[in-house]
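A, B, C and D label the chains in the order they appear, each numbered from 1.
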């Protein structure tokens, strides 16, 4: 414990409500409980490569608890093992920047680096720890809630709240216009947001990557509702939902943004099919980036604060290569290796899915 | 005054927060102040054509004040003078259904019809009044705030609030990721929402239909910010914004929904250009239908209630062919004819535009 | 299973966001999964005594998911074993109405009664089950989160969100005016809301019933902040917090509402002391009933829906005398007897308390 | 115009959402449009007396647009003409600090001082201008909306939104419990918030200072509702409402905070009377300080930005002794003298009051 004096912290991957609460908890715990110093690494691994590191003081974290985003900046592109050095149209060059990372750690005398991030970030962290001996402690962060090693991550509850509020808003339009409204939410590989927002918003159909859907089953549900005199329906679809036997349609961010055919993604595809097959006016909405912004919910602020505090505990106890996570009501550590082995996805026979079915939701199967 | 006994009310066009507040105010005023009866016409002019009319009682409007949508249903397709009788792919037939409208008015012994709606609705109302002698009183409703005859319409403030909250959310992502975020809001012919939400959300660039933009001027602004160390920018764009000399790109709803090239609309167009020209990561978000849903703001509930009350006053004073509207602090009536003559658009030299410029916003000119 | 045909449901005690979601889930599951009938009992046990029972159909629960309150009405006064028959100033008469309860159950041929409520409601339910043989299944509901048998109850997350948003608002006033702001939240016997909202809102001092405070320790914290140049402080206090060695000050609802001395409760007491002892301007705010109203959060809607679905499962499996509850990620049943034995209170050495301390919060000890 | 080089700005009186938007607009306009310098005066007139003045740069106002409170700090106690020099229990001393104000203006070479505040602040500003020749330009600010010289002030719309959302929340409790809920909102001398929030929230009774109420008339309304089967009522009361012939009950802040008899104020008084006279359970809630905190609404941000921009215009045009204000759709200046002559109060025969009556609201008369 006496060996730990200087601790770096970085936030990697997409931004997420609660990152600032994590940073604040780490900084306050460090100074108040342990008398050690915290250094902020800017823009994810980019700052570790480019030695963009600054000391964080108590005053730097004053007032940041309720704020979205991350005061450290983030990046979902910078990978030390494949670092973009030149970007030109149709001609990008990458190199291995791990030596620069090691140099930054050395130059700043960092005894450990706290890496706040999802799958991608933790995989890099793990490799830096295993292959290059850099002591790391991970804090899981993924708006999609698809990382293992924790029951839930911060940011998810906020995103869920925003998605649910949006579905509530679409509800009045659907009902007034007798339309089918298709609402696309985040979730490329895991359907947590679609499942929970669909359940909370009273979605008639929920489509998630884990349960490939059949178009005809969606029609059955909408037609059954029409037959009961319910002239509108709400379809909540994860961006990574896919038709049984079909291709993954989606993923605006990973595909070429200039390819218009993919733009509307799965919600456009499903919406158009519904309108064609039922003749009912159908509209789609893609919530997009608004889901990951803004002030974190109380739940996320608390969870993030607990993660920050316990990450500092893990640091001081030299539990390197580990990730903090919520297990029931307690915060525990798990080897990063285990946490990133398999993404946490929705089980098609889980209680949440069964509950949704019990209240009449169709999963398109 | 003694002649008015039975009053119909319909809501036409896109739904809008505050419609239920209007209906409630009309119904309560009718029963409590005048002892006359109100009849709800379902689904806009469709109900007037198909004689889908039901008496509204006081209990029907209990508790609807804070609810989005319209308990009467609406339609933005049904036009009595061009009524769709058969819909088949590539083969639609329309006929003149004005005789049916007259019959419905007669069958239900309606002494007057209150028409709540925008340009389209009021144009039809005006024609029914002028050409067919049906007494009407109009209440202006347009989320885009582009109808004349009133300083402002209900629904706009709610949409503005939703758009501003969304821009606030995008702000944290823009700042954390050092990105340009392009946020597309409603406004096909008038840029009120983009202008006001851009002003309220601190947009660096605001693009509206009334001020055709030049791509290079947008670049200048973003580059100037980058040179000052501000590595992110927010661009707020009305769906109907257009490039100087360019075509109107947009309008997801009016074009063929199956035409993918038009899907991302102006925000995709602008976003891609910015990323190409500056090399700064750029993302776009289309707020879409969430802007018109949900519980109306206090301002909209009050304005809608005032409109409903004053529409009943106009009805009882037999001010037919008129529209109620806010003029300064008072509610006044205007002939519908005048109100629909020219849409209310943003004046490029107005104080709001000048204020936005003074605090550093670029309009791309 | 074949024996269960007619099921009653009542909501008792203070209202709570999520009650309608419970009712909806029970009704939909009953009709869709089991083909059994649901009967709504009005106004808690009052309806069971007075035979105020009506059949609930699917259409009755349409659209109620996002709404606060309870469509069944509730009462936190009607106790079958001590039923108020005459109310006069200084002269109230009570009698045992259990025979009426039995008669209502018999008259309506109810095979089981689902009782949604907290400690008080479940104690009565348990007695009806144990002593009078009325089959019951309980669903825990308490805004204060103080019932055992479940990790968490619905309504709490919504109350927490409202309290946190209010604390955020008080923050700007505290900072601008260099004041101490004391914010009183619900929690007569358990400090969950104060603890979690205090943690989420960055409270400098949190006072809860489970940890009796010393005034001097609160002063120490506020003075220490002032010495660091922080001229404002936020104190979050549960209504049931008490001074070490002092009396319970609080409880506006249980004491005589006409007794002004008790009106401001603990927040006034603490606020005045702080102003007197430090000379810093101090203001207090009592959030009161707004904490239990409004649309339930996504979390609460989901939990309430799960409770409703699983209560129906328990009913059909004839698990009478039991209460459904969240245990980790699963819904399980517990004998009501066990659940009501001891209230769930904050443990002074729990991780949440330790986390709050780690980020600098004082508990006044 | 060439004479104005250095401009001071202070915010006085109670804090108000939008103050930061004003400061931001003043600073950006000053540097970008005119190349002049802005100096922030801390904590209202206190900073002018104590020479607590610091230069404001563009970076100081970056990101403050959506934030509540004021980065300059405020005070509603410091009066240059009656400045508290010694505070002891029962023994306070005041002196005239106007010479210190003049010295601060001189020391900082301030060519003009922008005073953002309500009646109190502007009265002082006016006296400094008239009697001491200090050039001032005023910006009206009052959460209560009771200052003349402008149709509306920023902060009011935000407070209205918070009050309305709270009334919505109380609605579900009132309905579920069949209670009368009394909600006390701000407004000591003017009832704007109570009137508009009451109208927006569907208040059954609205009590404002401008219309003294009779208890029996309130009873009539509540009884009439009960007779129609509406077993709950919402009463919205301004803190300064008073009974006809009665004393002003209220004003928690102005009276001795230790005087318990006055604590519950008018809402307690009215609530207790209702419960005593009708036997219906009644609860009261005092919204208090949460009404003036938090992020400003879009409307308030825009109005505040316009005020800031136009105040700078007035400064550069040397319109000293004037106040900017909204007149219809335009911003105009008025002599401060005129603006503070008479407070803007609700007219008992105004259209808003008539509208509220038309939809069934009682004013207790």
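Methods note: a residue touches a chain if its C-beta (ideal position, glycine included) is under 8 Å from a C-beta of that chain, and two chains touch if they have at least 3 such contacts.
Worth saying up front: this structure is predicted, and the values here are computed from it rather than measured.
Over half of the residue numbers found at the chain C and chain D interface occur in both copies, marking it as a same-residue contact. Most remote chain with respect to chain B, judged by CA-atom centres, is C. Computed centre separation for the pair chain A/chain C is 32 angstrom, with centres defined by C-alpha atoms.
Note: centroid distance chain C to chain D, computed from Cα atoms, is 34 Å.
Inter-chain centre distance (chain A to chain D, centres taken as mean C-alpha positions): 41 Å. Under the contact definition stated at the top, the residues of chain D that touch 2 or more other chains are 168, 171. The set of touching chain pairs reads A-B, A-C, B-D, C-D, using the touch definition from the header.
Here chain A touches chain B in the complex through residues 11, 14-15, 17, 19, 43, 67-70, 73-76, 87, 162, 165-166, 168-173, 175-178, 181, 253, 257-258, 260-261, 263-264, 268, 271-272, 275, 279, 283, 285-290, 292-294, going by the rule given at the top. Chain A makes touch with chain C in their complex at residues 24-25, 28-29, 32-33, 62, 65-66, 151, 157, 160-161, 163-164, 168, 171, 196-197, 199-202, 230, 295, 297-299, 301-302, 305-306, 309-310, 312, 328-331, 351-352, 354-355, 358-360.
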